[in-house]
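For reference, the structure is listed below as structure tokens.
Per-chain residue numbering starts at 1, and chain names A, B, C, D, E and F are given in the order in which the chains are listed.
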Amino acid sequence: MCLGIPGEIVEILPDRPDLATVDVSGVRRAINIGLLEDDLEPGDWILIHVGFALSKIDEDEARAALAFLESIGEAYDEEIAALRESMIEAEKG
Amino acid sequence: MTLAMRFVDEYRDADKARALAARIADLCEPGRDYKFMEVCGGHTHTIYKHGLEDYLPEAVTLVHGPGCPVCVIPMGRVDDAIHLAEQPDVIMTSFGDMMRVPGGNGSFFDATARGADIRMVYSPLDALRIARNNPDKRVIFMAIGFETTAPSTAMTVLRAQAEGLANFSVFCNHVTIIPAIKAILDSPDLRLDGFIGPGHVSTVIGCTPYEFIARDYGKPLVVAGFEPLDILQSVYMILRQLAENRSEVENQYSRVVPWEGNLKAIEAITTTMETRAYFEWRGLGFISHSALRMREGYAAYDAEHLFAVPGGRVADPKACQCGEVLKGVLKPWECKVFGTACTPETPIGTCMVSSEGACAAYYNFGRFSRERVKEATVRPQGARP
Amino acid sequence: MTTAREQQVLDRIERARRRKAHVKDEHITLCHGAGGKATQTLIEAVFLDAFDNPALAPLADGAVIADTHAFTTDSYVVTPLFFPGGDIGDLAVNGTVNDLAMCGARPVCLSAGFILEEGFPVADLRRITTSMAAAARTAGVHIVTGDTKVVQRGKADGCYITTTGLGAFHHDIRPGARMARPGDAVIVSGPVGDHGITIMLARGELDIEADTVSDTAALAGLVDDLLTACGPHLHTLRDPTRGGVATVLNEITATTQLAAVLDEDTIPVRPAVRGACELLGIDPLYVACEGRLLALVAPEATQTALSTLHAHPLGQDATVIGHLTDDPPGLVLLRTTFGGTRIVDLLVGDPLPRIC
Amino acid sequence: MTTAREQQVLDRIERARRRKAHVKDEHITLCHGAGGKATQTLIEAVFLDAFDNPALAPLADGAVIADTHAFTTDSYVVTPLFFPGGDIGDLAVNGTVNDLAMCGARPVCLSAGFILEEGFPVADLRRITTSMAAAARTAGVHIVTGDTKVVQRGKADGCYITTTGLGAFHHDIRPGARMARPGDAVIVSGPVGDHGITIMLARGELDIEADTVSDTAALAGLVDDLLTACGPHLHTLRDPTRGGVATVLNEITATTQLAAVLDEDTIPVRPAVRGACELLGIDPLYVACEGRLLALVAPEATQTALSTLHAHPLGQDATVIGHLTDDPPGLVLLRTTFGGTRIVDLLVGDPLPRIC
Amino acid sequence: MTLAMRFVDEYRDADKARALAARIADLCEPGRDYKFMEVCGGHTHTIYKHGLEDYLPEAVTLVHGPGCPVCVIPMGRVDDAIHLAEQPDVIMTSFGDMMRVPGGNGSFFDATARGADIRMVYSPLDALRIARNNPDKRVIFMAIGFETTAPSTAMTVLRAQAEGLANFSVFCNHVTIIPAIKAILDSPDLRLDGFIGPGHVSTVIGCTPYEFIARDYGKPLVVAGFEPLDILQSVYMILRQLAENRSEVENQYSRVVPWEGNLKAIEAITTTMETRAYFEWRGLGFISHSALRMREGYAAYDAEHLFAVPGGRVADPKACQCGEVLKGVLKPWECKVFGTACTPETPIGTCMVSSEGACAAYYNFGRFSRERVKEATVRPQGARP
Amino acid sequence: MCLGIPGEIVEILPDRPDLATVDVSGVRRAINIGLLEDDLEPGDWILIHVGFALSKIDEDEARAALAFLESIGEAYDEEIAALRESMIEAEKG
């Protein structure tokens, strides 16, 4: 439900402050930002749905989430390492 | 060439998926089966598009919920829309998703083949532009979607009003997700262990509206993003709640979804629209307070006010088991007509039309024995350079 | 996870899919022209039914005549007529030259039938014929016969062109779907979807801007090089036009009853094409190319094919994107970047911009 | 009666007529598709200009490829699609078979490109393909490749078909305008104008009823017989389609710089066709046939040609309607039933119903 | 196959033509030149179509008159008609003859190429049917023609009135022949010996209106039919009058033309139309009382009343010598642009457009040296079976 | 000016006495006969112009005109005969 795509604000149109040019991987479209607070600026990332920005993407939260995913990966790697070690020990023992 | 797309490609990483999958397997209690519903059709699409089920243990089953705005439109509303499109001087506008949805009298594509002027738009604002450019036509926007899309329609109507555009109106079919979830929770034939909550609806309504699910029904709900790792992580988070005997609303998608939602968006909706007493959902029947209509103050933009809409009810085809599929009672392939009489080419139910529809997703992406597919995708020696 | 009951259902579906095509629609809709399921059903149920004959090859790029010549036709109805990277004129020449090349034939000559709408600017017609001539020159072929019809205003969309090509075989090799073998590498000669996305954006209705450019090009030279380099190891050639890579591979697997397995992360897609696809909810695998080919090559010739392609300006970005295998018969499978798997089926009609 | 001053004017006109064609119109009008002067100007000024190459034969029925094959294309946009005596389907097959036959070639195979309008009834399409198949069977040719495009409603008129034909020579004879010689008999294989008048009346706008029937038919067999019987005495073959007998003869005299002299009272016209022509002020010499041929035959073979034609069901009413002579160069002349003479020139566009 | 058409083929007999030609030659006084004007473009067409001049002695010259209703329409009226055709919701209807006539802004064909809806009709009644079938369109009939055609327009308007059809109107360009003949007779640079009178106009107006020509100007006039023998016989009859020093109105076409004309037809005209004070004729300039317009009582069917018609005057191209041709002062080929800049493909003047136009007829049918044509049409030995 | 073609009345439409089906060499069209006297009947010939009958063809007049044309032909033939005779006589003489 509701295809939403992240895009980066390139410019806020001077004569239409509710419109911003947004870039999605080199593709540009005017997106209505009237549903967001007016603290947006170029470089901000927003979530686009049917030509409207629905939310500003929170980069801190994104980083945190990725960190969690990394940590799971690391934990997994550690586990694998631990597993290997235990197996070697078992062989030894 | 394949430059990474930020906030997209990070969440499609196979290594992280493998790690998460291991965690998920760890969290499953041996001998216990888990059934989680992804409420949102977008999630269904992601699950099949990326082959996410390959990472899930046998014990975890994902059940596809009612969150496909196209799938839940009853046939009668499609017929009404076509009726509107066939009025003199009308240009009907609609998202591409609607074009192939069958009503009792064919689809939008059949209507254009019969002569109706129905145009696909990317945004409701495009419909407004069409109205501006065709002052001698009456332009109707076929508004569909949950709370995610309703604010865009609302903003478009407000803009039409500001511009004084008199030839633009909305055929409002916006629905609201909470009553549908409640209907499913109250359905006697269903056993679910948790919910993957709709990410983009939640950008608007926030996370609090789901609290009754955790509180009153004791089911964990995790609001999830739309990349496969988002969903996998949500499964992990639900399993963790279950393992820890918690039932809470959690937000996996915090990079996009603020807990409190988007107040401006809600205001736009409530300014222009109000809750209908009841609305028919395809397969689910009538659900109270489950849809939006234009407020009286915006009657000038309400196609249901401006035109005589037949409003007939069309019974779903007898063979159709979309209701059971939408409630998650049946897997798509368990429907009697799945893949034989009902295919994307000849859909009987709407679940087979939208690429978010559970049946279409299952048919297009997962129609084949998983084992043989897995076997096939192992690279033969020497085939790669 | 595949229960016995599930397997029953799968078998039932496969039986249903093998039934004779049957057009249920009473009227032609746009879906019938999109190259997907509806088109194939129409072709099988109406055209094959009527024109049945041994040479008829409706799903191949062209027909082989007396084992000496290839023969192919296509009508071009593109909107807009002029777009970044080309126009209906070079498209009509390149498209037909490519269909000959896909048969393994060198183009001998082309015909061009014009259907013009009353009111069409003569200057635009001149621009189109000039670019047709240039494309023909580049492809080393002559347009030797033609026809012009004018229809009333409102009975066409400016200009439609039907080109037909006659080609001759200069090699013993007759690449075709039927030559494909398990283990064959699936090679694409460059990034996919450039043409389709360029056209979609050039219509202006989506209000999306991007520096995408149609990939329209004549592949006759590239194919000549491939034929020479790979010889009989070159099994199959197809140009993934209408319906894109997914459609062409489905046609091949339907014919051969082999499976194609693709690796999503090896499929070249330009960033802007990908951006537009994500924004519009479209899968680039279904988007048309007009200057790319898919080659199915025996494993032992994969490297030769790749280096031959890389040596040609039109094949610099050629990549192996998958391989053929013998089971499950008739399917195209994708190993996703995410590490999962899925089926890549035929679409019913064109991929449509969607919101959900 | 020709004064010196008049002669000067005549010379000036001839010079003007020999000037390079130049399209003055900024937009395509219906006249450009009618096969007359406007069409020829468009072809010469736009297509010939762009596609210039040795094989290009825009005014002949088809091109000759490597002296072994003939190649021809035509787009069919007839309204209505179904008419007494045929439909767009058999017309599209017969028309292209005939163009090959006029080159002296036997049809090898056909391609068919369909442009369908959204909303077109599938039953009508089936009817059309069925009649194409029947026509192909009668003509002994296969439709081996095709293409289908669907355009939005209002961007076509139901169904357009472009057929392209490949033919092979089975005789050493290459009939063509350039082979025509002074003294040649001009033979028409049957009554003229049946098809054009049938179509005009079938549109229903004129509210005229008549039992006219299109003469659409494949002439491949008839031509085979003629080639066998007359050998090299058969100089030129043309099918008088768009623009009728007058246009085709003007094309021949323009190419050869010979004159054609016709006898009005020998030109076969069915009574109903003549009646419609008189009522509408149209000259049957400009009305299309779709199952007739014009043959230019050396005087010594005239009788052979006639008896060969008469022996074939499609040539029973064949008649000599005139002859070629070497002066005045490039003109078609008519000796009228009344005993006078006049020039039969190209029309600018289609003959239009007129009141004065 | 070529069954005779009654009342047509009898008058195309070559044997009778030869006999008449001999008589005509006999009647020519040695050393005298005769110049007769065929007033009517239909006669011009017949003359060229059948090669009639081949039967005339050198001494007899036929001069083509102003009787082509298409040729005399001034460019401004064509522009007006196109302007009307380009009004919203208008369907313009017209005889095929008008389609290629150039105005200052192109022809009807150019207008349809630009998007106007202009349809050819065989009868004004067909325009009425189009109006009936398109109630939401305004259907205008471009009425052209002399008194022959005016009654049909009048009857059509009366029928529209009887049916109460509100969306049909006439753009009236009917002209009357007598003022034009008078203008030619009064033109100083012209010497004519007699007139071949317009046969079909005379079915309506009869023969008496021509009497002033015989009486006041001393020129014989013979009303003639449209088959070549009709015209040849008329030449014979004029020559006979001249030989006998008579100047009378005679009726060669008595099988069709009653002396008194068609009173019902005249009544239909006078009921619905009235004479204009003046009207511009292409090449001839303004001629008083030479055209018809709708009466005030029929304003509801008068496009000039219902629409704003620009009514601009467009000067004829400088090179154009149509006026001289229409008056018979110049032979078509004597016009400076004949056959070079002005051809049927690129007409400068209207005489080159209509197949009745003297220039088009001359260009299409007689563009070549008569001697060489005659020589060519002698059958070579052995060419006929 | 004004293409007029003779046609034969086949039938006068019973419900529309101003319309007649007229045949021109096998081609039929409804022609408005409202401009003629109402004594028309099948077999009568009329002159058709733009869908209207403008006059009833007078067969007596037509016969007379043809008789005149015949007579000219005969006169011509006689003259030719006379001429030949005189030449023979001249040769003789």
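In this text, a residue touches a chain if its C-beta (ideal position, glycine included) is under 8 Å from a C-beta of that chain, and two chains touch if they have at least 3 such contacts.
Note that the structure is a prediction, hence the values are computed from the model and not measured.
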In contact with chain B as well as chain C, sorted by label, we have A, D
Common contacts of chain C and chain E, by label, are D
In the contact graph of chains, the distance from chain A to chain F in steps is 3
Greatest Cα-centre separation from chain B belongs to chain F
Greatest Cα-centre separation from chain A belongs to chain F
Set E-F beside D-E; more C-beta pairs touch across D-E
For the pair chain A and chain B, the C-alpha centroid-to-centroid distance in angstrom is 22
Note: chain E sits from chain B at a C-alpha centroid distance in Å of 72
Chain C and chain F have mean C-alpha positions lying a whole-number Å distance apart equal to 67
Within chain B, the set of residues that touch 2 or more other chains is 3, 5, 8, 13, 18, 41-42, 68-69, 95, 112-114, 122, 126, 145, 149, 229, 356
Residue numbers in chain F touching two or more further chains are 1-3, 5, 24-25, 49-50
The positions of chain D in contact with two or more other chains are 25, 27-31, 118-119, 152, 206-208, 271, 274-275, 278, 281, 354-356
The chain pairs that touch are A-B, A-C, B-C, B-D, C-D, C-E, D-E, D-F, E-F
Touching chain C in the complex, chain E uses residues 112-115
Within their complex, chain D touches chain B through residues 118-119, 152-153
Chain A residues touching chain B in their complex are 1-6, 8, 24-25, 32, 34-37, 45, 47, 49-52, 54-55, 57-59, 61-62, 64-66, 68-70, 72-73, 75-77, 79
Listed in rising order, chain B residues that touch chain C in their complex are 1-3, 5, 8-9, 12-14, 17-18, 41-42, 48-55, 58, 68-70, 95-97, 99-100, 109-110, 112-114, 119-122, 126, 145, 149, 228-229, 333-334, 338-340, 343-346, 354-356, 363-377, 379-380, 382-385
In the complex, chain B touches chain A at residues 3, 5-8, 10, 13, 15-16, 18-20, 22-23, 40-42, 67-69, 95, 122-126, 145-146, 148-149, 151-152, 155, 198-201, 203-204, 226, 229, 233, 252, 254-258, 262, 264-265, 268, 356
